[in-house]
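Naming follows writing order (A, B, C, D and E), and every chain is counted from residue 1.
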């Protein structure tokens, strides 16, 4: 089992000053750009910038701005944005630290959420760090690279489908998180399919690498679990938050989202049990197969070893062995052997070994 | 293991606008109809409609209406009903989303409950999505297809048995949920019978597909668990609700129902442990059987291999082997072999291998 | 594994009106009678009635009455009693439903407790449904059949031993529950003895049905657990109840009883772990035994197969085999074979296979 | 596995009046005596009495008395003491009931604590019942027999070391419990040593009774766990108690003791996991050994069975077998066999079976 | 498995007076010295002392002092320090008791924290006892020996990097704990690498000592868990503390640290599951290998035992065996044997045993 890219890299930044921005991800080659969708009920603009300063103009307006920052390796730009919006240094540190687990922090005038986006790429789940900051009339999202998780949503805003354009930033945050959680279901379905495939493989005749596959699946599931489980509490805290961020009529949506996160968690628990059972089943099938191999050996040996012994008797060179000289002795012996052979076969048939 | 219908279908509606009504079930071929039982202490009517608008007339009357909507694929009708009764869009979304887990949502003037009906069809448990909305003087139920879960109840209302006709919508909701939970017990009994059958099979002589059966049973149980467990909390929340939906003297009934849901949960926990033990037992019987096979092989080989060796000795062609020439040598040897044979048998008898 | 009586019967009463009295037990052949012990500090009477109406006279007096109803199949009598005392219909339903799990319900002027009596009959634990209703100056108990669980207590009241005659109904309820919990300890001791017997059996030479016995014990324990565990919470709720049922100086007794229920629960948890270990141990002993069988086979085969090969060499019929013609060749070969034999034995001795 | 003394005895006193004093221990042969250490900052007396009445004189004085009652079988003396101090009858029952689990009961003017003393005697842990009653200016301890758990403490008081003589009864209770918990650590260390010994044994070549030893260790650990776990909550309740028993500046000591009880619990949890792993490891080593045995058998059989077959070919008595008559045929065959032999050896070497 | 240093030493100090300072560590040979870094926004001094009295001068100043005491064996010096600062005797006892588990104690004018530092030394994790006392304007740390855990931090303070010099003692405590927790991640990474190495080893061909390695890893992980888990609660209690120790704007940092401790805990939980799976996988691979060995044996035996029997037949010495005399009998037989041989090979090929 080679680990071309799985081996964890040494977490950078240990021993550094708390609040230091260190990008710990693996995609520094990404192009950095900022995408802004600014909308109100009546208008909607969609622009892409490369310089962070051009984004500052959106602050303070009455329209809602979704500022989507792509590329966490550009820590200077993120620091500049943080300084402009007066976010806490630890918030900025968490944005670029891809090892940060999902969390929520409430500040006086903004809400900071860390989530994990998950999607499948080349048969393997990719877990990507996503940070969201919701303030008055804006939501800023920070991604490592461009993903298609938000594509449907972007289209819906631009084409003014659904309620987004008529609501405020709290609803925008909801639809963003909703899009991420919707993708969790896709990942969970793929996981479920993989488990069913392995199930089939366990009960097939020839299996060689199943245990390795089961272990890999288990590790995959543990990684997903760690990424997905905190989502439940985060959404619950947004829903129960007594701050002014979230308008009362929006809370129903968060409650619905909370239901979805619970559903994800339940699926993962079920899959966990299924994988445990799979391993057990696999052990059972190995034992069963060994049993069958043993039976073949035992049947052959039990039939032929006594017969060989009898043949050995009459191969002895004693001077006086009366049986040897009868005219039909040989055929009588062959007949006896045949009877023994048939008797044995019937016995094993009865014992269901054949 | 073919999966004629088990393979999960791709959850529809991912990426769609929240609040969009998308039917995710598997029974679009069902006939859509609405059944209304309208009753008070003195009168009772039972009618079936195909057009949703004809149902609107029942709103606002003093008599209690049970409006049973059959067929979730007709999302337009459900949307029309929702618009008429002013239910929240997310409620409507959950009604037609058969993946929605059991839940309860309290609104100002109605209560929304999602439950799962379970019954056995062709030896396999069918889990069906059921939504209930209780408002003032009405309960609307939404089913995927006609089932016989409510047949007894329907008869009791029409024939004015029990207390239903004398009570309000809160009692109607109770008897509806009670009918569903009563069916849980039937399902659990079937599950228990299946486990006992498997137990018998484990200790029988010939078993081939037991591990596959155990795995299937385990998956069945996990599905039931996921459908049934949330019922406990939902009923508890209805009972503890401080709203005006539920009259105080009705709460005793919900407490009783709560007891029943706990009982269901306890049974499932017990069955879970039983299935775990089953697998262990199965592994034990395989090992035991292999042990017995090994013993047969060992007994045969241990008896005849040395005897064959002795016969081989006297089959050698050395010029000078004095034993060969005695008159009784052959018979002495045969006797010796017989003694060894009997000695071995006694030895294995003592070791309880025979 | 025949199930002469173990197979669960179809729970009666599914689909019936809530509050309908349906006896779900298995002892309809029992004689129905009501036993009344009426006592105060100064007097004590003990009578047996067959007609429920004769019992009504005890109501309202200042003396404490213990009304022990035997035989749950007489639902009319129980209904009559319930109507007289004005108990809730659901209470009556739970009294005759032997599937009802242990529970407590507090009403304004009475307390309803469901417990399970457990005792051993013919080596198997019998779980019997017991309902208790404590009101002002009375405790009514409902049993399926006459058991000796209350025999000691009955004697103590009649002979005026202990504090019962000087206390009120709250103390009577305590001594009744105390008698039941005391019997739990007897059952748990029997369970413990059975586990120790199985432990001995696991490490004995010949065991055939151990796994079946372990499974049966496990099922027994799961049944007991389900019957016994709720007792803990019930007693705790009586002790913490802020109603007037329970006088303050009696609460100490309930706290003591609570300790006992915890002890029972702890024992069952320990036994659960022991049974799990037993199964593991059993698997270990099977593997160990197979190992020993394998060693015997391997020793015999490894010693005699090479020797037989050598004998086979000199049994060949080549024209020119110089060794065959030496005068001592045969004896030299026999000696060589003996040396090989002894060498092998020493090797296996060193490897501790013998 | 004989059980000379391990078999649980029938718990006495079932069916008896609650509050009846029944000694359930196993040491009725102990000498009964009462040891009193009476001290204040300035004086200290140490006396031993056989009659309980002589102890009454210590009541009511300003000095602190530690009254250590040895021998629980003398229920009359304990009852007399209880009557004098006005303790609750249930308290007295728990003092002499050695099956009582650790607990704490707060009364208006005294505190009742049940603990378990544990020490090793002849390689096995002995669990002894200890009751403590702390009142104003006194602590009474009840032990089954004399143990050396309190020896250090006794010496410290008599020699006026540490703070005991300068503090009140609350500190005395603390040092008593502290002495007991200190001994838990000794027991846990012994348990840890035993586990390490078993670990070594598992990986040694020859092991026969390991599984029995593991099971015994597990049972030992379960017994310890049951005795030790409640200590945590008891100490916590003393520390959090808002009564006047415990002076504020003494609470720090109880908090420290609480830390120690948590440490004990943590160790036991770790040992529990270790024992579970041990069993698994043991199963692994058995499988590994069987694998090695199988390999020996397979190597021998795979090498010699084909060779014996070849020898058998040339032992046949056909009239016309040309190979038999060549002058070097025999040696050519021997050489061929040697080549096959060497080839096989190399093959198994490559497969790492040798 | 020799235990050169792993065997736990008898915990010293059992039976001693509570509050007695007993060093229980294993590094008495360390040099004792005290390092003081005294700083404010404007100045910073770094000195090393050997005499504890020279440190007293730092008390009471407005600048923040980090007093780092190295070497816990010098209990007199620690006692002198404790007396000077008026710390509770139990605090001093916990400082030198290396067995003390991580804890936090809040006193009126100081905060006492016990943590465990973990780092890898010669491939094995070393767990070192660390105590921290934060008072007004000072933090005193007590270590067993010099470690490099604080090296980065020391440098940052001296070079005035980060915010330390501008903040008070509460921030100093944070950066100290942060440095320790940062090292937890290093240890966890090493643990993760070890698990991956073992995973590779399990699926490799030849493995001998894997089960021993898995057990060692498991023990290592259990030790880490015990050292690391309490950190979570400790940091949470500091963050939620309502005392004046911690300024409000510093709490964000503690919340961030709390996130990190949760992350550590999550990693350990995941690794725990991975190690459990590893053992299972290992058992599976052993069974798989045994299966392969069995197949080789069975193939060889099944092919050659019947052939040897046939050869044995024609090696018999009957006077009248017609087949022996045909001219081509021998070759016909050889051909038949070859056919049987090939047939068998094809059969096993089909069964995928070859």
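Operating definition for what follows: a residue touches a chain if its C-beta (ideal position, glycine included) is under 8 Å from a C-beta of that chain, and two chains touch if they have at least 3 such contacts.
All of these numbers come straight from a predicted model, not from anything done at the bench.
Visitor: Rounded to the nearest 5 degrees, how far is subunit C rotated relative to subunit D when their C-alpha atoms are superposed?
Guide: It works out to 70 degrees.
Visitor: If I list every residue number at the interface of subunit D and subunit E, are over half of them used by both copies, so same, or under half, so different?
Guide: Different residues, largely: of all residue numbers at this interface, under half are found in both copies.
Visitor: Distance-wise, how many Å sit between the C-alpha centres of subunit C and subunit E, to the nearest whole number?
Guide: For subunit C versus subunit E, the centre distance works out to 42 Å.
Visitor: Using mean CA coordinates as chain centres, what's the gap between subunit B and subunit C in Å?
Guide: Each chain's C-alpha centroid was found; their separation is 26 Å.
Visitor: On subunit E, where are the residues touching two or more other chains?
Guide: Correct list: 283, 287, 290, 294, 297, 301, 305, 308, 312, 315-317, 321.
Visitor: If each chain is a dot and touching chains are joined, what shape do you get: line, ring, star, complete or other?
Guide: Contact map by chain: ring.
Visitor: Could you pull out which subunit D residues touch subunit C in their complex?
Guide: 1, 3, 7-8, 10-11, 14-20, 88, 90, 93-94, 99-101, 103, 105, 205-206, 211-212, 214-215, 218-219, 222, 226, 279, 282-283, 286-287, 289-290, 293-294, 296-297, 300-301, 304-305, 307-308, 311-312, 314-317, 321, 324-330, 333-334
Visitor: In the complex, go through subunit A and note every residue touching subunit B.
Guide: So the residues of subunit A in touch with subunit B come to 151-153, 156, 161-163, 174-175, 178-179, 182-183, 185-186, 189, 192-193, 196, 199-200, 203, 252-253, 255-256, 259, 262-263, 266, 270, 273-274, 277, 280-281, 283-285, 287-288, 290-291, 294-295, 297-298, 301-302, 305-306, 308-309, 312-313, 315-321, 352-353.
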